[in-house]
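Both complexes shown next keep chain A, but they swap its partner, so chain B is in the first and chain C is in the second.
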Partner chain A sequence: MTTTPANSTRAPVLEFDDVSLAFGSRRILDHVSFEIRAGEFTGLIGSNGVGKTTLLKVILGTQRIQSGDIRINGTKRTARLRSVGYVPQKVSIDADVPIRSRDFVALGLDAHRFGLRRRTTEDRRRVDELLEAVDATSFADARLGDLSGGEQQRVLIAHALVSEPSLLLLDEPLANLDPRSVQEIVALLHNIAATRDVAVFLSAHEMNALLPVMDRIVYLTGGRAASGTTDEVVRSDVLSALYGHHVDVLQLHGRVLVVAEPGTTTDHLPSHETLKVD
Partner chain B sequence: MHVLFKPGFFSNVPVRHALVLGAIVALVSGVVGVMTVVRSQSFAGHALTDVATTGGAGAAYVGVSPLAGFLGGAVAGAGAMEFIGVQRARQRDIATGIVLGAATGLSALFLYLNATSSATTGVTQQVLFGSIFTVDSSTITVTALTGVIVLLVLAVVWRPLLLASLSAEMAAALGTRVRLVGAAFIVSMAVAVGLSSIAVGSILSTALLIGPAATALRLTRSLRAAIVTSCALGVVATWAGILCAYDSYDWDPSSHGLPVSSFIVGIVVLLYGISGLPGLRRRAHARNRDVLRTHDAHHAMPGSA
Partner chain C sequence: MINAWEVGTMVAVVAGVVGFFVVLRGSAFPAHAIPNGAFAGAAGANLMGISPLLGLGAFSLLGAVAIGTLGRRTRSDVATALVLVLMLALGAAFLSQSTEYEPQIFSLLFGEILGVSTSQLTPVLIIGAVCILATFAMFRQLMLTCLVPDIAHSKGLRPAVVDLMFLVIVAGATTMTVPVVGALLIFTLMIGPPAAARCLTHRPGVAMALSVAISVSVVWAAIASSFQSNWPVGFFVGVFSAAWYGVARLAHTALRARRTTLATAISYTAAS
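Presenting the complex of A and B:
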């Protein structure tokens, strides 16, 4: 299903070079290296609690690392880097707060600045353009808290993109969405990566919904990561080496199943795509 | 007209002072209140009124101006809450509770000392229920200037603060100093509470802070509309309360009149109740279509082919 991206010769948007981070004795990132390129859709796959959110916070600079280098657009990342858009895992907007979708998107333009600078026609045009791009025009003037999960997700994506970042990070955006919304959001993000020349980096504990669109994968487990195209990574030999014990990768009806040998614990395998053979 | 506005209402100096002071505190509370409700910090707002009480009672005991006492108390309380609650957000409620309890205990002490040591009566009444009819013009000037400063500070931090209130993570990702803008807000809230205390009394200033704002949030779809509505409702409630209190000299058989703060808070609560009627809320929560059509008519959105 996956094709080798045509633009793989381009300079990477994000580079992890030998990055390590541990909380006490627990290694979250153990000499992790990978790259992410513009126009590509990259999945950060790993089971719950493996450190996907922490890795995204490292990219944002809200979590420090202990060693290694992180470069964004070729330069070492500094605090307050505005070239990264971020959609966190949990945003709960109260239905009682009168904030319209378009207001929230506009905050992506100027919420980092002090003062009440007047928004220009150009600002409004960009907000409208982004709302259109995520197919949110029909609820642009509705309260954010009145929208469904999938609709809110679109508005959050528009907010993260309105400042025209080169890298868009999304933390488990598909969790808590119904299957149809999952498909719509995945298609939307794939389209955004391709047409807006943005590197989309999305974390998920379930990779099957992403298989048709993923250009690359960063597979994270036990602090170690394997990265490459899906065909390069989601293979028995690569994942066995990553897990430190044998796993089989089965393709069934276009879905991937990662199967552990009898007797091995499967707790650390991504959920929904694991089979315990006893 | 004379039925509503008794003769002498507009020429009466205390009444005119009260109308000006009431409008100032209603405007400041109206703006601060909207953000307080958006941030779900009503409990913190209430705790600040308790420390304002302590400040006001303490000021009366040592003979300092009550406004200085209210403001000093509330700002010190905000500092204490910020200091205790700094460790983790989850402890914010506990920090608020501790400060609230300590402050109330101290208020009881100061009010007792006032009652036993001083010949002046009515200190307790003044601290708890305000002195909108008896403030002098210099206090009004100080209140106006302080109010303007609060509104300016809020204007500076508004957008980072708003995003931090909706999603601290998204604000941090944009480079906002979430803690700093939060601290700036709680101090602004403390000053707003201190200012309201002089008008409607320390324990009732929560009502003026939360009531009009909560009402406005129910009825509007954008924050700008909410702020305008909140300020308007606050001014209407305050002025109507003053009018009722003035008129009540004729209602009360003993001709003492009834307390203005009770009228103001009563009207605030009444407005909140009315805003809960389903028909009024429908427009604010309308999802699209009809809303969009009116929006299109006004703005002729570019780019929406």
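Presenting the complex of A and C:
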């Protein structure tokens, strides 16, 4: 390689090295390898049911793998408690639970530990700083369960970041959000990756909203993954090889469409990006 | 006989603390099943001529562990119902063999706040203190696992294990309170005051403190009313708990309506 981005010289935050996992005869991950670096925004793109959530659970250590190595900050599956922040999919907060946004963010500091601890001035400062970073100051004292989906998403991101992880995982954070909230959350996460030296790894079934900010992409289908910059991966030849049949990648008004030949099933293509001809 | 006020206060504090999470975590059904099952343990202990507290403790713990472990495999409400039914059946069998029938059942189900013996006081105090300490120790874990179990799991907490540990705390609270307020009434005290408290504030710490305060006020008012009217304490505990919840719920709805009207007014002003 002749041109090396500045980031490539740094050790990756997350490395997948030949990772395989199957549920029965169904291959979820088939010799998958990729890397994620600090300060970068990486999209995990694939259609629904392709195994994005399972891949994230593998990183979190709540799902075992059958072979391969996973390294976080260069060490094998250790220190996941502090070094990984996680925003799960489809979180629904019970509106009856008396807890404010700021209390929930503070829970991110040490909720896995036993005992009561008095919040220090430093703790409070960090919580305030995070609430401001995700633009949640105006509803910091509101009940978490009363907030809208987009607002709750911001608080969940602040909760995940307050323990200063080097890797932030988000599982379909854009699903069920209105278009304006999608744009806001994407811009927010891009900003977080760039300014906080955090590797943001976000799963989505629709990549168009992420195209302006995505530094790298991990494209998952049928257990296999292609990774690289968006220009390297979202190409006809690369995706055709990945799918095992010919697909075209069209650029249209700044959006990407992945189109399969007539007759081939498009069920496994990321939704909204397949061209449907009536 | 020891002071009803002292015993009542003790029970109210434990119910307020443990009940806070019973309500938040949606464990009302287990909190109903464990004391009712524990009643069978007390009946069994009575039959064998050992301390009812031992029977209560053993059956509460057994019930909690059964609900916690079975609930992981099948739907937890079904598991809870099965445990409840099985323990009640045992209770029926034990009672049928017992000679002292009616007054015994009555006091186990509805309590005998005015007839607690001094020998029971120390174990009741110790179990109560352990329950409160354990709840405080697990405060943040209980909070996180009930709000977003997936995040808790990613932090290395096992939601099912946390759930089981909490049910054991409920079993402890049951053991200490059943002799005093009875199997049916401890459930009232664990649900009403915390459910009222969570309507009145957004802050978790304040909500728990309120839960304890409301619980204590209910018990005191119930004892006083019982002295006055000669009606059972349990009747007043149930009525006052429900009344507190009703009032808090109304206040909550009224506050929310006012906030919404205000927000709408502001957005109209901003738009025009």
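Throughout what follows, the second predicted complex is superposed on the first by the 266 of 278 C-alpha atoms of A that agree within 3 Å, B and C clash if a C-alpha of one lies under 4 Å from a C-alpha of the other, contacts with A are read in each partner's own complex, and residues count from 1 in each chain.
Throughout what follows, a contact is a pair of C-beta atoms (placed from the backbone, for glycine too) under 8 Å apart; a residue touches a chain by one contact, two chains touch by 3 or more.
Every value quoted in this text rests on a predicted model; they were computed, and no experiment measured them.
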Chain A as common anchor, with chain B and chain C clashing or fitting | clash
Check whether A:L116 is in contact with chain B, with chain C, with both or with neither, and answer first, second, both or neither.
-> both
Touch check for A:H159: first (chain B), second (chain C), both, or neither?
-> both
Touching A:T137 in the superposition: chain B (first), chain C (second), both, neither?
-> first
Considering only the touch criterion stated at the top, classify A:L252 as touching first (chain B), second (chain C), both, or neither.
-> neither
Which partner does A:P98 contact after superposing on A: first (chain B), second (chain C), both, neither?
-> both
Please tell me which partner, chain B or chain C, touches more residues of chain A.
-> B
Classify the contacts of A:V84 with the two partner chains as first (chain B alone), second (chain C alone), both, or neither.
-> both
Touching A:E129 in the superposition: chain B (first), chain C (second), both, neither?
-> first
Share the list of chain A residues that count as touching for chain B in one structure and for chain C in the other.
-> 60, 62, 80-81, 84, 86-88, 91, 93-94, 96-100, 103-104, 107, 110-116, 141-143, 156, 159-160
Residue numbers on chain C that touch chain A, as the complex places them = 24, 136-141, 143-144, 146-148, 150-157, 197-198, 201-204, 206-207
Chain A-touching residues of chain B, taken from the complex the two chains share | 37-38, 40, 155-160, 162-163, 166-167, 169-176, 217-218, 220-223, 225-226, 284-289, 291-292, 295, 301-304
Considering the complex alone, what residue numbers of chain A touch chain C?
-> 60-62, 80-81, 84, 86-88, 91, 93-94, 96-100, 103-104, 107, 110-116, 141-144, 156, 159-160
Report the residues of chain A in contact with chain B in the complex, numbered from low to high.
-> 60, 62, 79-82, 84-88, 91, 93-100, 103-104, 107-108, 110-116, 121, 124-125, 128-129, 132, 137-143, 146, 156, 159-160, 163
